[in-house]
Amino acid sequence: MKINLINPNTCIGMTEKIASSAKSVALATTDIIASSPTHGPESIESAFDEVIASAALLDVIRQGEEQKVDAHIIACFGDPALDAAREIATVPVIGIAGAAFQLASLVSYRFGIVTTMTRTLPASEHLLQRYGYQHFCSGARATDIAVLDLEDTSEDIYLELKNECEKSIQIDGAEAIVLGCAGMSDLAARLAEELQVPVIDGVSAAVKLAESLYQLGLNTCKIGQYGLPLNKAFHGRYQHWGSSKKQ
Amino acid sequence: MKINLINPNTCIGMTEKIASSAKSVALATTDIIASSPTHGPESIESAFDEVIASAALLDVIRQGEEQKVDAHIIACFGDPALDAAREIATVPVIGIAGAAFQLASLVSYRFGIVTTMTRTLPASEHLLQRYGYQHFCSGARATDIAVLDLEDTSEDIYLELKNECEKSIQIDGAEAIVLGCAGMSDLAARLAEELQVPVIDGVSAAVKLAESLYQLGLNTCKIGQYGLPLNKAFHGRYQHWGSSKKQ
Amino acid sequence: MKINLINPNTCIGMTEKIASSAKSVALATTDIIASSPTHGPESIESAFDEVIASAALLDVIRQGEEQKVDAHIIACFGDPALDAAREIATVPVIGIAGAAFQLASLVSYRFGIVTTMTRTLPASEHLLQRYGYQHFCSGARATDIAVLDLEDTSEDIYLELKNECEKSIQIDGAEAIVLGCAGMSDLAARLAEELQVPVIDGVSAAVKLAESLYQLGLNTCKIGQYGLPLNKAFHGRYQHWGSSKKQ
Amino acid sequence: MKINLINPNTCIGMTEKIASSAKSVALATTDIIASSPTHGPESIESAFDEVIASAALLDVIRQGEEQKVDAHIIACFGDPALDAAREIATVPVIGIAGAAFQLASLVSYRFGIVTTMTRTLPASEHLLQRYGYQHFCSGARATDIAVLDLEDTSEDIYLELKNECEKSIQIDGAEAIVLGCAGMSDLAARLAEELQVPVIDGVSAAVKLAESLYQLGLNTCKIGQYGLPLNKAFHGRYQHWGSSKKQ
Amino acid sequence: MKINLINPNTCIGMTEKIASSAKSVALATTDIIASSPTHGPESIESAFDEVIASAALLDVIRQGEEQKVDAHIIACFGDPALDAAREIATVPVIGIAGAAFQLASLVSYRFGIVTTMTRTLPASEHLLQRYGYQHFCSGARATDIAVLDLEDTSEDIYLELKNECEKSIQIDGAEAIVLGCAGMSDLAARLAEELQVPVIDGVSAAVKLAESLYQLGLNTCKIGQYGLPLNKAFHGRYQHWGSSKKQ
Amino acid sequence: MKINLINPNTCIGMTEKIASSAKSVALATTDIIASSPTHGPESIESAFDEVIASAALLDVIRQGEEQKVDAHIIACFGDPALDAAREIATVPVIGIAGAAFQLASLVSYRFGIVTTMTRTLPASEHLLQRYGYQHFCSGARATDIAVLDLEDTSEDIYLELKNECEKSIQIDGAEAIVLGCAGMSDLAARLAEELQVPVIDGVSAAVKLAESLYQLGLNTCKIGQYGLPLNKAFHGRYQHWGSSKKQ
């Protein structure tokens, strides 16, 4: 199968990192196509960044559709534009936050989220509410590491992250850690080994769920809420959505 | 005061209609500047439309900021991009759905929502949940009138809408009607008179709330979740957000 | 328009204070009639006080109806007797707690409540639940200043209150402060200036909402839950309600 | 033990009826003192009626305290003034709605409420929410029998009530019926026999709970939320509360 | 009446202890038959223990049915197998946790739970959620006293328990204490005297509720969810359930 | 990897059926060991059946542990004994209801559940609440086909089931169907083809999730709530649990 793994920001380093994480867990028969939008912010750390990146990533969904992929993964912990993507895609679309919550709930009584900037914490709360996982979560903690600083592979960054994970386990009672940023996916294995609790990287989780749906022949229901949007005129920089939205 | 009244779709007729509704209820000292984005869809009827319109309307927020307006109103019933707009604006931003819910709850025990397409109903549910008004709502009903068909001023359209309002009152127990589309604002007065219950148009409601905040000197807290986004690089068609995001 | 601004306790100083706050924010065309019941407690600090004051304030609602006011405001943070007042009034009735929550949610991600006695905290919880604003609230804090001690204009009282507001902001993460007692309305402006976050006084908020409803021609739906009570016999000290309940 | 069984309205027939129901289930050692306020409405069918009756019934609580009763029961399905009564009483206070919900949940998976007027339905909803029994309730149904018409012992009234109980069982899936008015207590036994499901009369339920608390030596915690109200001045017709509130 | 008081674990000391507690509060006409299963764990401190004890205690329910008891009490704070027991019993079945919550909510604004092992805390959370009492609970605290160590009557154990109760009152704001283990029932009276707040032992509470139901003639609705299970084959060590499930 | 696929009832036909379903979707490298307990009921259709089957299935978990399996699947829609199984297992344990909800939420806006007997509907409600998927579910419907009648492969049974699925889609608005019994797993493919919406069989879903966890190296956190139960004495028919609980 072919998976369109979308990094919704424009940071190439992060696209490469998640591609590598995804490939390391994918089945031999799974082809990971990592991509990112041409347009938009270099990182997503506010509602503003997310709105811009959301519009930009829909172009990458369409690209994937043209390439006849079998699933799309939106690899940003806010699961931006998930409903919109499901509308325009003909194959399943999975967000990494939702994917991580699902698998975390299978291996722990309560999981903690450890993320980047303090101001992204409400995004975690909204996602937990949207997916109904509030009672599985012992709390979300911010490291105040900026998303792009995760590109820095220094030990300091790792230790800050690990330190916050330890607080989540010892103070909040987390029995598993959900990493709150796609840019942390390369650190999951080391953290798991050193923390001795399950550490869930949403990118890897989403890849396995995409493969699961594919093998079961399950696809998004295209009648109802995720049906194709009505055709209509789009103006200016979105003119290209005006007539060829449907595949 | 100056209010930036934003129609997030590109349909000029609707922009004119809401301008007229807003002006008819504004104080003499309130200056309504009605505007709409250059880019984006002609109407908003799906999550996809909303994501595109959200990115587009942020440009209009910035325009308003440059014109030194005292408040912004996002005049689409989904309250798209509300958090993002609050981050980049220096003055209050009000969504018409939230505004309508607030005033409706002051004059009725339970209100009903009557909206356009069936597939926009989940948007109403999400808004009720976001704002905490689920228990004030007797239910949302769709007329399956397309947004642009509201431009059609024929009696038929009016009667279909009125018919659904009557069901909301008689079957669901609504004691007030919240109109679920900015494009219905011109019909509120007639409906109120014929239905004999309060009919709340979010555009008018938002204008009064904007004036209220202004007169009380209340402005968005710019420390915390609605602080200005961090400066960062934006690429491609969003390059203009890269350096001058702050006012 | 004429607003019947009701202080439900019998403390004249507080009635004067809220009248002054209300007048300072009202439109030139708004006439504020401040009043308080002849009967009942000097302050409301327990469920017991509230029950007595509730019965007493309904007489003041009737007085206002006889004076043909256009709205009633119940200026006690517990919003006592709100539903009962809406039943016997022919014009909108607004509680100051609900009004404060509404405006606070427009200018902050999360607001804190700072109130008087610890034992009034459950009242705040009930109101947040009733109105659906729990998730907008970062917590309620008590100063243990007795309601009548707010009549004391000493710097000490002010500083105690300010101190609790600071804890609400710094510890609980409040981005705006809702003042939990009508008797604090004269301190809102100074607090806002010194705390540098929005400070919402419910009295002022309710005045603007009453004006908003009036200008929009919105009135309580009198069919259904807020319909006039059935006529029936009342005995003893409530005999006067027996026959002239209807206007 | 002595129980102060309070009918909060002034209808003597109802006081006698509930006295009789209570006595029929009380232990031989339990003394039922049935009483009603001198003041207030003849029946409680709106929020307005309830506010007036609430203030009036507190005098009857005090009377009971002077008579050194061991528990108070508020025998109106809205459980009016329950918190206030707990504050001024030195012994337990039980509301009949809460009592009925508790016992109903012990003998059925889901119970239905069958009550008087349609407009009292929101009171049932609030009580279910307050006590946390929403998920035990299959729905509340109104008979639109006025409270005082329950004094009428005609077969018609009984059949109307029985008919609504049958709908609750057959349509809503109720496995037990909670009677939504103290004035129905004399009909519980016949309904139970004919409907063949448990029928819970709150008056009887409350008597057994009062006896249970008494036998276990459990009394209201008087430190905290149910502590005695602070002493303060009361004016006019409530002057008597000013100094002798404490027993 | 005859009550089948079931200790679901096999520790005879605990069976005797709860028998003594139950008898000390039962009416003279109530016959307490204390029993425990022949099979299963010596104490219940994990989900695993509870599953085994649940199957084992159903045999004791059947024994009670054969002895024609009038009610069954499941005397383990997890209320194990409550629904299953209600299905196979022809008379009411009461769990001690639910019973304790009910009476605690009648005498306090918020109660705290003080229990044994930390890992039983989720059981308390589930019970609060199941019964709808979350908002009545100020929190659950574990003493990490093993269940069987409660058989030890040393002062140390008592003081550890009392210490945690004091934290519940002073830190969490509990106004009453619910004891989270049947094995603590002998300590309730001393704790109540020393802590000066109501202390609720679920065993005693359940006895009074069982007597209440009996005196009111209320029995489990045997149509619907608590109807007798369908007859079917059972194999191996559960073969005895195969044909004589019905009484 | 080796999966211990447990049918918790003793019906061999059902064990074979789910084995076949599981094998049809498993990877080539996955070894499915289908098993069922020696003890217990032939089908699970009440809380009573579930309690007995729960105790019985734990023996099969232990068997699987001795066979060094890599995951256990509990193939009954009530997810019986899930927490207990996680405590005694050293590898992940997955319930088919939770698994089905997770995948269904990835391919539909709202899913419906179609199950066997009416009296199992509360079990579905509890599971939705436990896992937080209530808002993803458009409702649960019962066919009143007994579990063992699913062994009957006649067209009638299929058509009854299909008919209820169609109601779920057309009346309740389901966009996907979750099959509410392991015994329906052989019908999923035909239903999906004829209904034209995703049909999710929990057995297949659980197999893919088990494989996903295995490939990601994620295992149940054995510190905390799912830690091994404390060692203790077990009596009678559960004596074998007394000393060798740990692997």
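A few remarks follow.
Every chain is named by a letter (A, B, C, D, E and F) in the order it is written, and numbering of its residues begins at 1.
The definition used in the following text is that a contact is a pair of C-beta atoms (placed from the backbone, for glycine too) under 8 Å apart; a residue touches a chain by one contact, two chains touch by 3 or more.
As the structure is a prediction and not an experimental result, all values here were calculated from the model.
The chains in contact with chain C as well as with chain E are D.
Shared contact partners of chain A and chain C comprise B.
Copies chain B and chain D of the same sequence differ in orientation by 120 degrees, per CA superposition (steps of 5). Summarising the inter-chain layout, the chain whose CA centre lies farthest from the centre of chain D is A. The distance from the centre of chain B to the centre of chain E, each centre being the mean of the chain's C-alpha atoms, comes to 54 Å. The mean-CA centres of chain B and chain C are about 28 angstrom from one another, to the nearest whole unit. In chain C, 109, 122, 224-225 are the positions where the chain touches two or more neighbouring chains simultaneously.
Listing the residues of chain F that touch chain A in their complex gives 25, 27, 92, 94, 98, 102-103, 105-110, 131-136, 173, 175-176, 192, 196-198, 200, 204-205, 208-209, 211-213, 215-221, 223-226.
Chain B meets chain A in the complex at residues 10, 37-43, 45-52, 54-56, 58, 81, 83-84, 86-88, 119, 122, 129, 146, 148, 224-225, 227, 229-230, 232-238, 241, 245.
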